[in-house]
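As written, the chain order gives the labels A, B, C, D, E and F, with residue 1 at the start of each chain.
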Amino acid sequence: MLSRNIETFLGCDKEYSEADIVIFGAPFDSTTSYRPGARFGSREMRAQSFGLETYSPYLNRDLSEIAVFDGGDLELSLGDPAPALKQIEDYVSRIVADGKLPVMLGGEHLVTLGAFRAVFKKYPEAHIIHFDAHADLRDDYLGAAHSHAAVLRRCHELVGDGRIYQFGIRSGDRSEFDFAKQGHTHLRMFDFGGLDAVVRRLKDQPVYLTVDLDVLDPSVFPGTGTPEPGGVSFDQLRAAIREVCGLRVVGCDLVELSPVYDQSGVSTATACKLLRELLLSLMI
Amino acid sequence: MLSRNIETFLGCDKEYSEADIVIFGAPFDSTTSYRPGARFGSREMRAQSFGLETYSPYLNRDLSEIAVFDGGDLELSLGDPAPALKQIEDYVSRIVADGKLPVMLGGEHLVTLGAFRAVFKKYPEAHIIHFDAHADLRDDYLGAAHSHAAVLRRCHELVGDGRIYQFGIRSGDRSEFDFAKQGHTHLRMFDFGGLDAVVRRLKDQPVYLTVDLDVLDPSVFPGTGTPEPGGVSFDQLRAAIREVCGLRVVGCDLVELSPVYDQSGVSTATACKLLRELLLSLMI
Amino acid sequence: MLSRNIETFLGCDKEYSEADIVIFGAPFDSTTSYRPGARFGSREMRAQSFGLETYSPYLNRDLSEIAVFDGGDLELSLGDPAPALKQIEDYVSRIVADGKLPVMLGGEHLVTLGAFRAVFKKYPEAHIIHFDAHADLRDDYLGAAHSHAAVLRRCHELVGDGRIYQFGIRSGDRSEFDFAKQGHTHLRMFDFGGLDAVVRRLKDQPVYLTVDLDVLDPSVFPGTGTPEPGGVSFDQLRAAIREVCGLRVVGCDLVELSPVYDQSGVSTATACKLLRELLLSLMI
Amino acid sequence: MLSRNIETFLGCDKEYSEADIVIFGAPFDSTTSYRPGARFGSREMRAQSFGLETYSPYLNRDLSEIAVFDGGDLELSLGDPAPALKQIEDYVSRIVADGKLPVMLGGEHLVTLGAFRAVFKKYPEAHIIHFDAHADLRDDYLGAAHSHAAVLRRCHELVGDGRIYQFGIRSGDRSEFDFAKQGHTHLRMFDFGGLDAVVRRLKDQPVYLTVDLDVLDPSVFPGTGTPEPGGVSFDQLRAAIREVCGLRVVGCDLVELSPVYDQSGVSTATACKLLRELLLSLMI
Amino acid sequence: MLSRNIETFLGCDKEYSEADIVIFGAPFDSTTSYRPGARFGSREMRAQSFGLETYSPYLNRDLSEIAVFDGGDLELSLGDPAPALKQIEDYVSRIVADGKLPVMLGGEHLVTLGAFRAVFKKYPEAHIIHFDAHADLRDDYLGAAHSHAAVLRRCHELVGDGRIYQFGIRSGDRSEFDFAKQGHTHLRMFDFGGLDAVVRRLKDQPVYLTVDLDVLDPSVFPGTGTPEPGGVSFDQLRAAIREVCGLRVVGCDLVELSPVYDQSGVSTATACKLLRELLLSLMI
Amino acid sequence: MLSRNIETFLGCDKEYSEADIVIFGAPFDSTTSYRPGARFGSREMRAQSFGLETYSPYLNRDLSEIAVFDGGDLELSLGDPAPALKQIEDYVSRIVADGKLPVMLGGEHLVTLGAFRAVFKKYPEAHIIHFDAHADLRDDYLGAAHSHAAVLRRCHELVGDGRIYQFGIRSGDRSEFDFAKQGHTHLRMFDFGGLDAVVRRLKDQPVYLTVDLDVLDPSVFPGTGTPEPGGVSFDQLRAAIREVCGLRVVGCDLVELSPVYDQSGVSTATACKLLRELLLSLMI
């Protein structure tokens, strides 16, 4: 009898019951304000991951040494974000209830709200570390509170002041930067300066890591909805992710890969490699 | 003093007060289920229209002979479609209140609902002629009633049985074709067969014409969210639009151009040429 | 416990044991002489098939009504074709041994040789119906006997004279057309003329159907290794496939989709729709 | 000693002295009004022609049976068209002086003026057969008399009334169509209707054939500067070229391939195949 | 009465009379020697600018705080550059006559000659600061004195020796570098080394700044006619522009964005962001 | 009599007899495991090289000062690599027998094996310097010993331990890195650290330099079969090549440009510029 050759993300072929980490896709992008298409991010990462090696020479570790279950993509309702956020929250709630670590692949950045709600219910003391080109602190976007451009503001409503650490930010309207300056969040512009101090401060605290891949310079990551020149390099982001994984990470996500805007496939290859490094770093 | 060289759709440079027709863009695509991007349709048509001539050898008429105001693109809220539909309805209501003919450029097909609501308030006896590859008669799509795949079903809730004429349909689930077969709509599969009879029947009736450009074969119109092989040719669609314009058209739209999926620009050129033919035909 | 949301070709989610048809991918393209990339054909069809409906308005049938197992893609050795052809032959031998119908998705056309060898062992009286732009009757290509350009010649070595029926052929060198004229194969240039007679003649005979998708006009199918202007339309090919499926088909394949050459995705959408029609037609 | 493997257009590898036909490229596009890039047309045809067969099943003839010299691309000055036109005229003058038949590959359509001037000096009684989507009869374009949009008007200044036969025309401003209606040229809109009568009338007359490839429908030929929906099919154009080649052709050109606008390569493949058919037809 | 939603460059919506700066497009590229398409640069910047924020976190300033009029694109004659250069010169003359600062968006680099002529008439003592990958100091290009590759040579004929400062130059023929070495211009290879000294030296002098965007590394700016590896980063160029704006700038331009060569849109996003920084820096 | 305007790589137009260096293309990519297309690398470099200058400001030298023959592309058999490797070996053997320096343009990396075999026969004491993202030290790939992923392992079988120096390596499976650690090769991860020491050590030794262009960061070189984020910059690679050319180089190659994956053309421009620098450096 022939078995099915199932396509999972490279080397993430463990069963759910034996897995420490659960990766899954959240293909939603209905609130994207500039160029939509992030819904195809997780799918394309899965499809192209076989171009990568399972072994990391950076970490001298191999995906075969860790236990990851790839749940595939959720089937999310489009348009109004409320039902999709609820679906994501329910799914992640089950993962954390089963004592496993959720790693969500976007989709647009708004999906973070669904995942973080679930994590926050279990870890109400959690902090958020946020890598992004954009502050995402608007109160609303063209009237919509549920917007990718407001997602960290919504998270702030959950965790309150001083619990969100933002790095790499180089875009936003003035009110967003003012919001951070007023002490609501810690906002580092342009790069990862000060991350080491934050990591020291948050030792033993539960941390949710959200990585908007557009924190990368668009030279190496053009395939995203709102490219912002002047970003960090692949090696800087790889190292920053590694550093955060020295903390007690209770949930994380990689969002905003929009493959249609990068015919070369390099953006997807970059996202895949970062996911490999993230998964291996989480299990060190 | 220097004046601004404003970019309008080719030859549509009249003032609002003097115009018979008002064209405008509805850049919304949040419910697109497969490939988003129709939000850029109207903008790209305006930008590329200068590659076209104002004169039509098909009609021996020129855009300089008619009075069209290009209102530009609406600034629509994304995500939840309800506010965007309301914005469109309000805008179109003002156009019809001023006795002008609205021609909306999508955007995804759901925007038709906003425009038709406005038209229907003024013309409650209106019929709808619908050119499309897809039936768009679902009751909902993944739970969402406001979906591009359900837009004609929503229109049917307004006009009731027998007032919607569909042509070119070659895709849908079984329930949609059954809905039509039960007499709720007139549905012609694959082509424009029987359009002449419909035109004779609807003489002197107010008609709203909605053209989902994916009724075209994807060979000539690849730039759309859900391409469906086996469609009609440019000349067939051009002739069908011309035929409908012999009726008393009280509103119309061209939707579902998604230019990012056609790097060649041919889809946009095709949409522009059809708009020129539509505008000239409406004023004959 | 969370289950995995597995990606199969649309609606082909039955278990192997319950399936009547087995589809699988053969991602090999090492002998492609002009533009390689057909190795990504089957994968891309699986990934994009969700843009299609399971219901066919042409046949008034739905994929949910038939039992198809999607085995995924084989992991084939690249370079020297001999091992890959052996892998395919072994795989197909198991399918036919289990009394199921194999439907292979290419890859380049050479993969047909592996599949047909397996079918031919069980059905030594089988005929081949071949839709293609190219005759594929070379004795060798730049010295290589195992070449996509020689695949039907290799099949001819198995079945002998008069058992191969070729349609749509519009390219080849003179020796290929001469080979056919000498009576070795039945070759119809440019279109499907005479297919009805062939279908009548082969009634009750076992038939292997091989469809090189470049038989389609490149306007609707640009995503292929060697596009040849002047081909058949989608509807002509759809009808021809339907007609052949009235015979006793014991194996078939769709080959030569090379998605990277069609940024619009229309070629993949076309291949998916033809596969749906093929699968439904096989089970009528 | 190693020899150089020179890239010529497929099968056009004869020496100048032994050639009956001389093909060459005229990479100029400075007056293109919409999308430039035709300068790369001839180069790309040469580079991609190896994807084609030398044998034509339409004509049962092979490029190896005729003697064609490929002179490569001219090195033309850009910007002001006057020097480039002079370079082309000089080059073609030498070809016709040597009793060979010039076949020019564009480049934009204005290059026809240079080639025709040379041909006209030797054949002052020549007629022009013109296949195009655009009338190209403007007196000037934004003030420039040397414009692709005015090239047939410039030719008319040489040959006078009634000596230019235009087919497939579906775009222009009103003045151009009026110019034709006044009897200055014979203009057939949309298709090749009446070509057979023209061929009969021009029997034994010297004829210059100029083919703007945008006469083709953009579905099969998107790679051009100004795509115009509603064009002729590959087979229609192929047959029309074949028909004209029954006349005494003293010069011809294929222009307006702009490969960058067709990532699929189909436009180039189409142009190559038409050139093969043209060359073989000229020598029948 | 409905008003028109006019598309200007982001945040540049002041009236001419109230504006301090006038931006406009010069869509000309007829002398481009390698890959044309810069004619679409200014238009695409306008269309895509809405993906950017009006606020600059680099400068802590917002476009809403300054007064910029966007004049749209000039309608320039193509082919022979002389008329187009005259149109540009006349337009800029009016801007400077009205005491406003012209900021021109190319178009190819030759357009600088038109703008600078106008500025030079009013400020005959002006110096030029030139950022570019190419020296642009040829005496002519294939015989054409009016060429993008000769534009700084033409400017040198106006201002004479020692008044042109070139930075980032990494391409040219030997004669161009020799011309600079002979003291005709100040030429810094590869980077902005020495810019600070130049800025000190030119304090209080009128300066024209011309930025050929291909000075950027093609990794972040592939969308240009002649990409040259080994260029400066976005942040280096941003800082250099900021530094020059500390001088008395009397005119400037950003040229050579050719969007068709960058399907990802990153080149356009980069050009837009640099324009925002330039505009804000000019008004500090 | 008209001569042919032959397309060679920029400035490489000497006759074979007078040349010191012979460049040629090896268009083979049948063992590529991820994305094929490197077969078009050499052809595209030749076609696009005219966008480059012959003069190098880095070296203050010009291609007109050295003698290079461009032999064009070999016509290699596809599929099974053995015949193609033999063709390459024979060709290079003739070049080295004639006392000229071979510079091969790929094609995939496996072609290095053919060229190195020829060089090794003449220079059995040769060392290999290898720039690459991938170790290429597998014993086999999916059972194939002749694989791009095993090419340095095959070379190691010729030269034995300690004669291969690898730089920039950032991908491979664990066994490959272990193979190097066991002393079989010198492997430097990520960058060119230690290259200067190697150059001192190998002084006066014959050296074969093989450059897999994917050692570059994919931001500047996306057009390759297996892009690996985290690579070196153009300037770093340019300098490293320059440094190696201070040694006694007896053969070299540039491989793995796959132009179809970079619609912007920047990858090809980068490869061309590196070839210019390589050629000029070899003759210093």
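Keep in mind that, in the parts below, contacts are C-beta pairs under 8 Å (C-beta built on N, C-alpha and C of every residue); 3 or more make two chains touch, one makes a residue touch a chain.
Small disclaimer: the values here were computed from a predicted structure and weren't measured.
> Give me the step distance from chain A to chain F, shortest route via touching chains only.
Each step joins two touching chains, and the minimum needed here is 1.
> If contact pairs are compared by residue number, which of A-F, D-F or D-E agrees with A-B in over half of them?
Among A-F, D-F or D-E, the interface that shares over half of its contact pairs with A-B is D-E.
> Please tell me whether the contact surfaces of chain C and chain D are same or different in residue numbering, using the over-half criterion.
different
> Go ahead and note the Å separation of the Cα centroids belonging to chain C and chain F.
Their C-alpha centroids are separated by 38 Å.
> Could you tell me the distance, in whole angstrom, between the mean C-alpha positions of chain C and chain E?
Averaging C-alpha atoms per chain gives centres 55 Å apart.
> Two-or-more-chain contact residues of chain A, please, as numbers and ranges.
35, 75, 217, 219-220, 261, 263
> Throw together a list of every chain pair that touches.
Every pair of chains meeting the touch criterion: A-B, A-C, A-E, A-F, B-C, B-D, B-E, C-D, C-F, D-E, D-F, E-F.
> What residues of chain B sit close enough to touch chain A in their complex?
Per the touch definition, chain B meets chain A at residues 29-33, 35-37, 39, 75-83, 141-144, 146-147, 260-261.
> Can you name the residues of chain F that touch chain E in the complex?
50-55, 57-58, 62, 217, 219-220, 234-235, 238, 263-266, 269-270, 273
> Over in the complex, which chain B residues touch chain E? Could you list them?
Residues 1-8, 16-17, 22, 43, 46-47, 69-75, 91, 94-95, 98, 263 of chain B touch chain E in their complex.
> Can you check the complex and tell me which residues of chain D touch chain B?
34-35, 169-174, 177, 189, 217-220, 222-223, 226-230, 261-263
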